[in-house]
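Shown next, in structure tokens, is the structure this report addresses.
Letters A, B and C name the chains as they come in the text, with residue numbers starting at 1 for each one.
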């Protein structure tokens, strides 16, 4: 019988993948989906048969066929190529937005949770307002106000979701603050910043990592929603929300493909992110560990 | 100090009202500032293309848009406290009357959808929690995540395509009533209730058929978070000491389920309240697609056009409704919990 | 015929590690003991020895990944092994449990009286009209002051001691044959502990029931139990009458336990243990105590047999009865 040490790296890798998949199939599926889309986004230029903005005026509203795999839209552009390039926009928005969220949310939550006091109060008030305020409308108003650009959308989404991220961080920090090892660190005379970054942060990150994919899923969703309403993205940019917007006109007249495919892509990617986040929390949070039958 | 239950309830209400006011003010202030700082210039929109600069500045003064922002805000608050929410710049319709006319439509949609979603979602979430990681649980977790991920407007569009274009089951997504049906007299503003009051069965069935598809789509998507949260709440309860003890006592499955449900009522209600408020806002998209002439559709439009008073009125309505819902739900929970 | 007899019970926890390999924790390894009607048995052991698990197995409350892989549990001659999802004929009616944390074990949304009534109605031991009276009577018997008012109380209004009394009442109200008390005195202060145990003993004797008290406190075993079983790493390493075991402990572990009581330490001093608790995932062959035992010989690499010394006093050791403090 082979012991683990003798097994080849490949067998070990397969075993660990199976083990993780067994532990959390959601993680495995989510990871695969997101990975696939990321790959598509990076290879879009090479895979897409046509340029996403190249319009074929004699082939407007073609149903899916040999030439246009997923059909052509009202401007004669190839839906397939546009959906592929839409991946780039999805990641191009969600990744920077996610980075903004982390860079604002983590320090905010850290300080609010550890220090409490004024910053904590402010954070809680902001969360209160956000809770009652329809976020979609707020995002809408801000983007409408700041003009139609991708950057403003990324900024708005990133900043708006930071408080929610901060809240999760804060909860983790609060729980850790009263733990014995942190109290020991403080008792040993570590300055506040050191306790926060060296002792608390690494442990808080674990609980927070699962939130990030969820937030990114939301970022993709809301950017598409905003584009659907007509804000932030200008035609003929191949962004999924904008594509669905155009497709909406044609649904009643039966040209279903214009709206269907970008919607499927959107749904799948958001689903992938959500599965990834759900799966991560399954794996990382021992209390939620699945029980074998 | 001995507090009676009644005095605690009254104190709760007072504190709530007191705390809500700054939050609402904050929301209105935020909206106020945001929409004015933005790039839209309403004056140009109102004046039309042929206005010259003299006319433009005249209009600006008349609308008080040349005053400092803070002053404008204070004026606004003053007017609102007197019940004047301003006038829409598209046609000069008073905002308050528009709200009164359009809000019931949104309420119809949202309450029906949440009701349906809870009816489906809560039992499913419960069943999932009783057999965690079984096939039913995995399936529902996946479905609810799928529901989470689906864009509302897209589902609506696809539903229109399948049920209207292909199957001709649903009526055309235009409005709340068919064009050939007599509208009922307006009593509450809610078409469904008004039809019932009048006994106008024709209009009622037409209204219901127009609401069927949007409510179905909306409910399906609203069910997803409800399932997830019910499951989470239930899971915690099922793992609790008292459920374990009930099991050790050999209670029947039905009894244990009753125990779990009674303990879940509080957190579940709180969550449903939250869902209700977030759906009130999300309803805008569904209204837009199905042309339901609700508040959201109108508000959405106004944001895009930069119609200040309408946007402020819309946001104010949503904020006030949210506050009210939270208060009612928290009151219900307060009354339910034996700990009070 | 004994009231209850556990025969060679093996319970394993089988799950998959993150590297997709099966890992098994052998939590109970051949647990055997028996109890006659009217007797009180104390089960002692350190954390992780398997005491609560044994109780859960008897009540049929094992959930995956726990599984009974071998052995029998005989109650009045009948094998009552079930797992959590199956219904049991004895749970709550013939065998009842007094759980460990009194305040959190009561349903927060039901009044005390209703919970006691529910206990009876569920098992059909009384109809609705009698149930109330019997509940009230039971509260009196567990010495709760002002019982009629307490019937309407909510669980959160009770102190720990009172909640524990209510749980005792609930466990006795259906006149079971066997009451299992899982660490019934955790979290209670000493005076309350004594009262609770006195009440329990009185009622158990009055109704000719048997009782199993799970505890890590030897003092409780000495005062309240007739028989005792000492558990270590999932096995019963010594079983017998309380008097015999205390007078002449046969197993090195029992000897160490007795030597760890404050009085003994004051007399003889103490020795430190260098090993941690046994790793249930890697128990290995032979005696499970050999890593800690200072009398271990090469023969201890093989599993010890059950040795009977005097009537009813048994131990699982190759060298029963030899003192470790020589």
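Convention: a residue touches a chain if its C-beta (ideal position, glycine included) is under 8 Å from a C-beta of that chain, and two chains touch if they have at least 3 such contacts.
Not measured: the values here are computed from a predicted model.
Trainee: Determine which of the two chain pairs, A-C or B-C, is joined by the larger number of C-beta pairs in contact.
Mentor: B-C
Trainee: Which chain maximises the distance between its CA centroid and that of chain B?
Mentor: Following the centroid criterion, the farthest chain would be C.
Trainee: Between chain A and chain B, what's the gap in Å when you average each chain's C-alpha atoms?
Mentor: 25
Trainee: Could you grab the centroid distance between chain A and chain C? Build each centroid from C-alpha atoms only and quote it in angstrom.
Mentor: The computed centroid separation for chain A versus chain C comes out at 51 Å.
Trainee: In angstrom, rounded to a whole number, how far apart do the mean CA points of chain B and chain C lie?
Mentor: Chain centres of chain B and chain C, defined by C-alpha means, are spaced 54 Å apart.
Trainee: Of all the residues in chain A, which ones touch at least 2 other chains?
Mentor: 291, 293
Trainee: Taking each residue of chain B in turn, which ones touch at least two of the other chains?
Mentor: none
Trainee: Where in chain C do residues touch two or more other chains at once?
Mentor: none
Trainee: In the complex of these two chains, what residues of chain C are touching chain B?
Mentor: For this pair, the touching residues of chain C are 59, 61, 84, 87-88, 90-93, 96-97, 99, 101, 104-111, 118-119, 122-123, 154, 156, 170.
Trainee: Write out the stretch or stretches of chain B touching chain C in their complex.
Mentor: 240-242, 244-252, 255, 259, 262-263, 338-339
Trainee: Taking the touch rule as given, give the residues of chain A at its contact with chain B in the complex, in rising order.
Mentor: Residue list for chain A touching chain B: 25-26, 125, 128-129, 131-138, 140-142, 144-147, 217, 221, 224-225, 228-231, 241, 244, 247-248, 251-254, 256, 259-260, 263, 266-268, 270-271, 274-275, 278, 290-291, 293.
Trainee: With touch defined as at the start, can you tell me which chain C residues reach chain A in the complex?
Mentor: 14-21, 63-65
Trainee: Using the touch definition up top, name the residues of chain B that touch chain A in the complex.
Mentor: 23-24, 26-27, 30-31, 34-35, 37-40, 132-133, 138, 141-142, 145-146, 148-151, 153-154, 157-158, 160-161, 164-165, 172-173, 274, 277-278, 280-282, 284-285, 288-289, 299-300, 303-304, 306, 311, 314-315, 318-319, 322-323, 326
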